[in-house]
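Each chain carries a letter (A, B, C and D) given by its place in the written order, and its residues are counted from 1.
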């Protein structure tokens, strides 16, 4: 008996979902897509847009939604689509007992889908996706730093604020480029790891005293760590790259006032490396299915 | 008012405690030591051994014991001492309200000391000590690998089993030496980090299939992972360095039978780098005191 | 007797010469500059443009010209200057017995200056400048690669063609970012070094066979190595960054025809990191003076 | 027409020649060996020692001698052989028109062999062999440093004297292990490369001023650089690993007097990694033959 390959529906999203549908069809899966306008995005020949949301769902096994699913809790996030897709319409169309994966699925969305026995996976809660996304995020941060500075990272003094997923990957890359890399953390455990990897370790409480020596400051901590008092100590011509989600880790008004260049950069994977980001989603989908016992 | 520096008692242990007492006295602390024989260990001029356990405890603030505290739950671990120090005698001598730090303090020991209002700190439960100890452990593992092989690590195929504290530090050093480094783990999170640091990632379930390509296999997992079935697939002349505590991660009988070289290496920090190990203890003591609000 | 600091004249050039004059004046040297228009370039307050070429040369010890000195062998290279400065006019103004440093000084120029007993230094012939310039060149190449690709360098297959100054520095940075780095060379000596640094080594004669696996190809060899025959084997979506000076190392017509993205990037130090580039010139000037026995 | 594989004679040497003969026979070449006693060295089953020097030379194409060829210019260097083989007897036996490769072939030896039309290759003059030998040399130096110190290399201050083949490879490994790595050189070109690889650069003229901060000092310069004046400045407990050939780079009498630990380590590849060293010879032989147009 020959095993029939699963069919995917890709609904909405950005360039990553397009690339993802290409990976899937290259691997021999059937893919139907919706929520993209032909004139807004260049599609590969083998990618066909479905005529309707309903048609998209025919015979499918797995539905992949955007990351994040929605930005207003009402409509689906669709970067390359003129029209609007209501979440409730999408959920109505997903066939019972199928699988739905997307990013930032709210408890309200989950209740609706649970009622239809749709298995729901929030991709942004998958730790391997978050970790692997730190790679394009780190590289993107480096690209923005290069573009916005008159000096090289090699040989410069770099500070990474925070030693979570992004901090770890970014510090490793900066050191690899030849930057003198210092990492800030606030617990002894992280500071021990920081030392063991050969970075200089800086305790949060000493931040004010030492911040004046850095050429590049990368913030990964989602709280207002670079406040006016700290910004006041920063070296002329230093560059701040803020990776923390809104409202970010920088007092931007104070920075402007002091003439300090501070750039907030968000959602880097989809921007700087959509193809790598799509591959990360692709691999995560396979991990999820393996864990659920779903053969692909 | 001038602040009076704390006085330490160092009781028993190995070379690390000797080095530790040197660091402390170099920093200006008063130190009394006991549980070492002059003819068994070369002491610096400024280090004086107390005439008795009781004398050692006079005017002290902090007592530092061995790591581990005891190997038989009855006597204190004293590597360079002919006599015996009973734990109960030691605990009797520690003055009320003082601080006692050592490794592997059992609940029974803790109860006795709690009753005397002695503050008890198990140093082996301090995560920063465990993390920093991974550095001399990793270097020691590399030293043993170099000593027991006819090939260089540079350019060789190295496998690290496990991605905990030791696995992380060891993999980083092996890669730094120019080894082709693969790390085994069993959860997608660790595998994602492994990839992000540029190692090859190997899932435990694929171990048997791939183990045959490795020249060096470093085990950090405390369970019998290298059993007969796996050993059977290992390449001739491969070297296994087992860092897992007894009974270790290797079926040593099977290894012997198959002619595979497998070496169990334990307690590396004190053996290969007692001075670095002492410095790690020293720093941890200061972290502990900072957290307890004890000024040093 | 107090030692009088040397006076510099900076004549023509680009952003690097401006930054250089800032470094010099920050260090306490007197600097006169010419060959820049105030409305074309933002000058620091302490930088004054001389009213005439002749005035610029008053009391100076060392004249710094552009890098390269000229692009047409007749006029001085002046990026931010409306007017024209003839080389012969410049040379007439340089006082006898002084020092002139610039890039690409032709034998003809040298004869004229030799006749005036002006000591001539071609900065582009200084090996340390060329080596240190490989740092901003390497970083710039990486920046362009990031900007022009949908995938991350981390985890990608990168090929560096040539193992001279740029090849060495670039390969080291790519590996540091986590790219799988292969370096091509044609002699056994370079191939041995390539292996010893942990890169994969590729002999030129095997280029055609293996080129198809690479995502990024960085060319540093100043000859037509990526000809039609080789380009034909390159993977779809691969990106070529060509660092070789004109006419470059790529058959650009063939690349266009085959739909391969190939980018020629030149003079990177001044473009991506003018401040670092200026610091390199600054340090080289000091090395030159130290070697000549000129106290600064 | 089927191509007949070449036959090798391996005459004298150490463990590397034994390993080399194993590699050759594993690759399908016929190998005859002489200059080893069965009871002195464990041989693989497929390796047969010839009954006489003359017999060894029957039908061979290439003769591989020891590295170095001789230590007294009269007898062949044979580490595992009771008897003596005179160089003149060996040269008499090598058939006309064949190839002879060994290390340190003197002009006198070359004349004798030239007269017989024997093609002579001094393996120690092959740059790729010297470069690749820097790998086991560097690793061996690191092993000796680990064995002779109470501190870890990770986190220590390491100085590498000289930036030739060994200096380059060793500095890269030390940095990879997490040591703070400084490299000394005396010309601006090397100092520029040193900076570009992210090491701290130290000019020879500043050696005395800075030597006091280092925990480990690795010397690769074949001249008395660590003289009494310099040794006087070295930190207590520092360790010197001297890789320079006799008489070495250290005033050993002064070091002893000052209580400084200095270790001379020579011929590391054959000692710490004979198998890797043999593979390097093996590859060099193939490179030599390729360059000579000899098909293997």
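Points worth noting:
One rule holds in what follows: a contact is a pair of C-beta atoms (placed from the backbone, for glycine too) under 8 Å apart; a residue touches a chain by one contact, two chains touch by 3 or more.
Bear in mind that the values here come from a model prediction, so they are computed numbers and not experimental data.
Summarising the inter-chain layout, the chain whose CA centre lies farthest from the centre of chain B is C.
When the interfaces A-D and A-B are ranked by how many C-beta pairs touch across them, A-B comes first. Chain A and chain C, compared by their mean Cα positions, are separated by 36 Å. Per-chain CA centroids place chain A at a distance of 51 Å from chain D. Mean C-alpha positions place chain A and chain B at a centre distance of 38 Å.
Within chain C, the positions touching two or more other chains are listed as 135, 154-155, 172, 178, 195-197. If the chains shown are joined wherever they touch, the resulting network links each chain directly to all the rest.
Per the touch definition, chain D reaches chain A in the complex via residues 154-155, 178, 195-198.
Those residues of chain C that touch chain D in the complex are listed here as 126-129, 131-132, 134-135, 168-169, 172, 188-189, 191-193, 195-197, 287. Only residues 19, 135-136, 138-140, 142-143, 146-147, 149-155, 172-173, 175-178, 272-276 of chain A touch chain C when the two sit together in their complex.
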